[in-house]
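Sharing a structure below in C-alpha cells format, with a few things to ask.
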Amino acid sequence: MPDLDTTLDIEDDEGKPTRRDFFVQAGVAACAVAAAGSGIVTLDYLKPKVLFEPPTTFVAGSPLDYSDGVVRFYKDNKAFVIGGPTGVYALSAVCTHLGCITRYKSDEKAIACPCHGSRYDLEGNVTHGPAPRPLPWLDITEDAAGNLVVDTGIVIARGKVFRP
Amino acid sequence: MPLRRLFALSSLAFLAVLAVSPVKNALRPYRSIQAQYKALGLARATSMKAASVYADRQIAIQQIWIPKFDNRVDRCTTCHLGVSDTVMAGAPEPFRMHVATYHTPGDFPRFGCTACHAGEGLATSKDDAHGTSPDSSAPMRPAAYMESGCGRCHQSETVDEAPTLSYGRATMAKAGCYACHAVRGHEDFRSDAPPFVSIASKTGGAWVEQWLADPKKVDPNATMPNFQLSKDDITELANYLFSLPVPPQLEQAVEQASAEPAGNSANGKVLFRESMCITCHTVDGKGNGSAPELNHIATRATRGWLIAFIRNPHAFNPKTKMPQYSFSDQDVRDLVAYFEDELRDFDAPKEILDPLRVNQTLADKGHELFKNYGCFSCHVGTERGGERFGPDLDGIGDRRASSLDFGKRTDLPHTLDAWLAAKISAPRSFADGLKMPKFSFDPEQRRAIVTALLSMSSAPVPEPYRYIPPQQASVVPAGQVGEIVDRYRCLSCHQFGSRGGDISTAPLTFEGSKVNRDWLVSYLMLPTSIRPLLPERMPIMKISKPEAEKLADAIETFYVDPSIPENPFAGRPAADADPKEGERLYTTLGCRSCHIIGSSGGYYGPPLTDTHTRLKPGWVYSYLMNPQKWRADIRCPNYGLTDTDALRLTAYLETLVAAPAAPTATAEQRSAR
Amino acid sequence: MSAPIELIESNDPVAVPWRVALMRRDSRPAVRESDEKYVMTFPHLIVREIIMFQLVVIGLSLAAIFFDAPLESIANPVETPNPAKAPWYFLGLQELLHYFPPVVAGVLMPALVVIGLVVIPYARVNLEAGPLWATHSRGKLASLTLVVLALSLLFGAFSCWPIVIPTLIIGAAMLAARNGEQASPWRRALWRVTLPEWIMTWFVVIAALLTIIGVFFRGPGWSWVWPWEQFRA
Amino acid sequence: MTTGEWIRGTSVYRSVIRHGLEDTNRNRSLIIFENLFLHVHPVKVRERSLRFTHTFWLGGITLASMLVLIATGILLMFYYHPSVPQAYRDMKELQYVVDDGVFLRNLHRWAAHLMVFTAVLHMLRVFYHRAYRPPRQFNWVIGVVLLLVTLLLSYTGYLLPWDQLAFWGVSVGTNMAKQAPLIGERIRFFLLGGNIVSENALLRFYVLHCVVLPVALLLLVSIHIWRVRKDGGVQGPPEEGRQ
Amino acid sequence: MNASAHARRFLLLAALLVVLIVPGCHRAAHTVAAAPPRPTQYQVEIGRTIYKHDCQACHGDTGAGDGSNSFNLDPHPRDLGDPAFQKKKSDADLADAIRRGGSGVGLSALMPPWGHTLNDRQIDAVVVYVRSLKR
C-alpha cells in the first residue's frame, strides 16, 4: 500500500466541512459503533444461556406422612416440611439473619440457628435472637401421583397451609 | 490511497466484520424452530389454557441435565420440543411426541435422549447434534440398530422388548465370537467345539479337507466358520490334525467297536425315532438344528467311532451337549447300522474315510497355520494361552469412524455400522493377511449382531443405570444325582434357575412344586409327548428305574418354590372349590382353544386330560393366577382371574384323572404314529 | 569560539528566555546535523497504528469466521492419534527428532539456537560485518569450504537431507559470491551479504524447510506423504 | 451555548481532557504526552519511519495480536474450568451454547498463531536490518526472551482444550524436555505436576498460561517498547554510508 | 464531489457489508413438512415379536387365520389380512379386541383377552403389526 506514506495535509483543512472531514467522521463513528457494539455483545456473551443448577422443586412424599407435629428436614433443598394442625406447610431453613442453615430441635419443638442463636417457632416466627424476619413459607403443591411438591423458589403468604 | 479514506474504509470493515458473529448468533436455526413450535402449538391447542402455555414460551436453549448419569447434558429438546407433549402426538418432526416405549415419554428426566439414541447431546445445531458429518465424533444410532441403545444399560443376554439385540447377543454366543474376542462379562466363555484328539480315529483325510474348505457346505448346522483357506493350507492343516496322537483308551474303544458284528438297521431306525434325536440334530431338514446334521453321518465318521461315541460321548468331547443314552450294546450297533444304510452320502468317494498318511513337514506347517489362525481358541488343546486371540470388542460401539481402518473397502460409507456390517459379512475384504474367518450370517443375523456390537461401550454406564436382571439360584445337586444329571445332560435342554439350555419349555427350577413324583418317575423312564405341537421333545434315554427315582426324589426335594401352596384349598370355603363353577369358567374363558380335555380342544397347549395325575393343585392354582410369573414367554394369557375363580378352575381341573387303563405308550406305538 | 561569554542576569524567566549551558571543551557531544523531516506523531503515526490494528483484527476475524479452531475428540491417554503432531511452530523440532537422538534434537540443538540468538549483538563479527568477500584470503576460502563439507558430512551421517541440501546450496552460493563485486548485479547482491547474514539465512532456510516438511509432508508413523494424498488419522 | 459546549465547560470534563479540541500542533503534542498509553511515542517522529518498508509493521502486528489475545483470553476464562473432563466440555459449551463463544475461541487461536509467526518475522527483520547493534543489544536479548515466552504461551494454551491434539502435543513436548541431561526428568515432573499428563498438568499449564507467562510477557513487552523509544525509535534498514 | 459519486461510494460500502455478513449466516431453511404419523420400525418389530409369540399359533404367519392350532377351532380365527376387515375396524377397535378378548367385545371366547398379559404399549405395537398384514 504505497499511498500509506502520503502525508496528511492537516494544516489546510480549515473552513467548511470537506470530503476529508466526512471520512474522518465516518471512520470515528464506525469505531464508536464497533466499540459500543462490542460492549453489548460482551455483556450478552457473559450472560449464561444454560444453567447447571439443581431444580428448585423437590418431592416431599405423601401428605399423609405429615400428621400434626411431624417435621422433616430436607438437607439438599434447605427446607423444612411440617405437618401442622390444619395441613402441611414448608419453611425455608435458611436463617434470615446471616444465611446459616437452621436446625430443628425436637425436644424443644423449635427451630434454632447454630450461628448466632436465633430461634424460631414451628411457624417460622422469630422467638429469640438477632433474626430480623420470620422464616419464609414456601410454595407447596401436589403432583399427579398425589405427592407433595415444594418449590423453594416461590415464597407464599404466611399461614397458607396445604390441605390435601 | 489517502490516509483518511483508508481510515474510514478500514473502520467500516472493522465494524462489519465484528458484526458477523452476533448476527450469526441471532439467526441460529433453533430460534426459528422454536418459533415454529409455538405457532404449531397454538394451532393444535384445544383450550385457551393450553394455548397460553405456548404463547408464553421464551426462545431459549432447553436441556436435560442428569448429573448422576455421566453428567449427561442433552439439548435435543431445544428443537425436539414436543417429545413429551401429548398435543404433539403425530406432529411432523422435529416436534413429534416420542413414540411410546418402556422408558418414554415419561422417563426423560431420568434417561435423557443420548443414552439411547447417542449423538452429541451438548450440540444445539442439527448437524452437530445428529453427527451427520462422516467423521463426526458422536453420530446418532441409525434407526436400524436402535436397540443397541437398550444394550448399553441392559447387559443381560436377553432383553425384553429388544428382540434384535437379544437375537444378536444369542447369535454371537452361538457363533463363538467370544472365544476369540474378549468382551466384558464373557470372560468364562468356552466354545463347544470338539477337541481334535480323536480325529484320526474318527474320519478320513478327504473328509477333513472337504470340511476345512467350507464347513457349512458339509453341514448346514456347522458353527465353524469358513477360514477361506488355500488348497495348500488345507492339506497342511489336515496333515497336522492327523499327526495328533489319539489317546489310547479312545483308540482302543474305536477299534473294538469296529470289530463288532453288524446291527439291525430296522431296529436302529425305530430307536432313532424314539430317542428323539431330531430334537437337536437335523435329518432331511427336520429338527432343531442345534447339533450336527445327520443326513450323511455315516460318511462323516467311521462305524467304529460312531459306536464308541454313542456309547460314551463324554469321553470324546467332555463339553458336548449330547446325553449318554443308556442303550444296550446291541441298540448302538442297530443305530449305527441304520446310519450306514440310510444316512450316508451315496455319491461320496469310497476313500473319503480313509485315514490320511501324515507327511511330517506338512504337518509342521499345518501346526503353524493352526496357531496362526487361532484355531486353539475354539478347539481347546495345549496351545491355549491366557489371552484371547482376536482384538477386544469392549468399546467397539464407541469407536469413531475416523479411527477405523477401511483398507481396501472404498465402497463403504464412513460409518461405524457400515464398517461392522462389512467386517461381519466379509472380514477379509479389508486388507490382505487378515485372520478372521467368514461366518455365513443372513441379513437378519447381521443386523442383530451389529446391534449387539454397537451396544458394547468402552466404559460401563454408572451403577444405578446398569441393569442386569436378578439371577435365579441354579443349584445342581452333587453326588449321585449330579452324576445322573450330567450323564443325561439335562442342562442341555432344561433350565435350572439361570443355567441351562432353552430347548425345553419346562424349566426344572420349580419342577418339584409342579408335578407329582410318581408321574415324574414314569415320565423319566418313558417320556410321553406333553405338547404335541412342539417338534422338540424329551428323548427316551432308557433311564433305569433306580436312576429315575433318585432324580425324581431330588427334584421333589430341591426344585420347589415356596410361593406355591401345597394345598390351595386349605382354609377356603367349600364354594370356592366348586368344580361345577370351574367347568363353566373353563368353557367361557375359551381354554379349549388351546387345551384338549378328552377329545376336544386345540393342540397348542398341553392336554389337560390327566391333570390330577400329572400336576399338583397348588401349581395349577399358582399358574392360573399369573402364568408369566413362571416363565416370561409362556403363551397362555393371563386372564386376570380372581382368587376364587382360579380356585374353582383348579378344582375342576383336579377332577380330571388319567383313565386307569390309559395306555402307557410303548415305544412301538409311538414310533408307529 | 574564544569570544567572552556575555551573561545577563534576570529574575524573570519570561522576559529573558535564555538557557545557559556550560561545558568543558573536550566533552562536547558530537551533534550531527540532520535534515530528517519530522512529523507529528498524532495523527500521522497514531492513525496508521489504528488502521494497522483494525486490519489485524479484520484479518483475524475473517479467519475466525471461516475457519474453526481445531477441536478433536476428548483426550484419551490410551489412544495415540497417528500422526501425533505438535503445533506447527514445533514441527521443525519434531522433524529433527526424526533424524537425531532426542537429547540432540530436543535439547542440544534448541539450546544452541537460543544461545546463538542471544549472543548475536555481542559478537564482534556481527557488529562490524562487511561483505564476506570484502577481504579475501586463501585461508578464508579453505576454512569455509571445510566447514560446509564438515557440516554436510555430519548431518549426512544422520541422513538428514533437509539440512544437508540447504547447507550445500548456501555453501555454493557463498562461493559464487566470491569475486562478485564487479560481476552481474545478481552476483553483486550476493557479494554484499555478510557472514552473519549467510549464517542466519542458512538457519532460517533449514528451520523453514523442516517446519514445512513437518506440517505438510508427514503422515502416519511420521512417514513421507504428499500433501495431496489423503491419509486417515 | 450548545450542550456540547456546556459539557466541555464543566470542571469534570476539564479534569479529564485537559486541552481544547482545536486541531493545533500543541494539542496534538498534548494528546501524546498526556496519555499513559500513547506516551511511549515521541511527540514527533521521523517521517521516514512511517514508511511501510521501514519495519513492515511486524512489531506492531505482533503487539496488536497480543492485545487481541489478551482481550479474547480474558473473556474465554469466564467459561473455562481447568479440570478433567470439564475443560473439554467447556470447549463444546463455547461452541454450542455461549453466544459468540466459538468466534472468540477461533480469534484467540488464530491470533496466537499470528503472534508467533509475526514475532519470528520481526526478529528476522531486525536481524537483517542490523537493528540489534549498540545501543540496542540488550533489547535484542529481551526480544529473544519474548519470543521464547510467546512460544511457551502458545504451547501452554495448547493443552487447555484437553482434546486429543492437546494431550498428545503436550505429551510429545514434555517428553522432549525430559531428554535434557540431569535435570530433564525433574523439569518434566515440575511442569506436569506428576509423572503423567493429568489434571495436575492441566492446572499448571492453566496458571502458567493465564497468570505467570502473561505477566512476564507484559513486563518484557513494556521494557522492550520503552527501550525502542529510548534508543531513538524504530530503526529501519541501514542507510547507505552510515554506520 | 457530486451526489452520484457519494451514492456510488455508499453502494460500494453496502455491498462490502453484505459480502461480509451473508456467508456467516446461512440460515437453515427449515420447513415443517406435513407428514402423516407413521409407526416406527421399532414398533413394527415389537409388534411382530409379540404376534409371532402369542398370535401366530391361531392366526397364522400371514394373519390369514391358518395357524397350526386353528384347524379344529370353531369359530375359525379371524382372517386379519382381509382388506374389508382392516377397513371396518379402527385401531381402537383392534386394540380393544386384543385387550378384552372375544368375549369382551361380544365375539367368540376362543380369542382370549390379553389385557393382563400385554401392556397398552405392546397392544398398540401389535395393532401396528396387524395393520401391516393387510393384503
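Chains: A, B, C, D and E, in written order; residue numbering restarts at 1 for each.
By our rule, contacts are C-beta pairs under 8 Å (C-beta built on N, C-alpha and C of every residue); 3 or more make two chains touch, one makes a residue touch a chain.
This structure is a prediction, so every number in the text was calculated from the model and none was measured.
Trainee: Return the chains common to the contact lists of subunit B and subunit D.
Mentor: Where subunit B and subunit D share a partner, that partner set is A, C.
Trainee: By number of C-beta pairs in contact, which chain pair leads?
Mentor: Highest contact count among chain pairs: C-D.
Trainee: What chain is the most remote from subunit B, judged by the mean position of CA atoms in each chain?
Mentor: The most distant chain relative to subunit B turns out to be C.
Trainee: Measuring centre to centre, with centres taken as mean CA positions, what chain is farthest from subunit A?
Mentor: Farthest by centroid: C.
Trainee: If you average the Cα atoms of subunit C and of subunit D to get two centres, how far apart are those centres in Å?
Mentor: Taking the mean C-alpha position of each chain, the two centres sit 19 Å apart.
Trainee: What whole-Å value do you get for the distance between subunit B and subunit C if each is reduced to the mean of its CA atoms?
Mentor: Here the centre of subunit C sits 70 Å away from the centre of subunit B.
Trainee: Using CA atom averages as chain centres, what separation in Å is found between subunit D and subunit E?
Mentor: From the centre of subunit D to the centre of subunit E is 61 Å.
Trainee: How many Å are there between the centre of subunit B and the centre of subunit E, using C-alpha atoms for each centre?
Mentor: The mean C-alpha positions of subunit B and subunit E differ by 28 Å.
Trainee: When you check subunit A against every other chain, which residues touch at least two of them?
Mentor: Answer for subunit A, listing residues that touch two or more other chains: 1, 4, 7-8, 10, 31, 41, 44, 49-50.
Trainee: Mind pulling the subunit C residues that touch 2 or more other chains?
Mentor: 39, 43-44, 47-48, 50, 57, 61, 64-65, 72-73, 79
Trainee: Two or more other chains in contact with one residue: find those residues in subunit D.
Mentor: Answer for subunit D, listing residues that touch two or more other chains: 47, 50, 92-93, 95, 97, 99-100, 103.
Trainee: So in the complex, which bits of subunit D are touching subunit B?
Mentor: Residues 89, 92-93, 95-97, 99-100, 103.
Trainee: Spell out the residues on subunit A that touch subunit B in their complex, using ranges where they run on.
Mentor: 1, 3-4, 6, 8, 20, 22-24, 26-28, 30-31, 33-34, 37-38, 41, 44, 49-50, 52
Trainee: With touch defined as at the start, can you tell me which subunit A residues reach subunit D in the complex?
Mentor: The touching residues are 1-2, 4-5, 7, 10, 13, 41-42, 44-47, 49-50.
Trainee: Help me check something: in the complex, which residues belonging to subunit B touch subunit E?
Mentor: Result: residues 9, 12-13, 16-17, 19-21, 23-24, 27, 29, 32-33, 36, 40, 89-93, 95-96, 99-102, 126, 143-144, 146-147, 161, 163-164, 533, 587-590, 592-594, 600-604, 627-628, 633, 635, 637-640 of subunit B touch subunit E.
Trainee: Tell me, which parts of subunit C touch subunit B in their complex?
Mentor: Spelled out, the residues of subunit C in touch with subunit B are 47-48, 50-51, 54-55, 57-58, 61-62, 64-65, 72-73, 79, 232-233.
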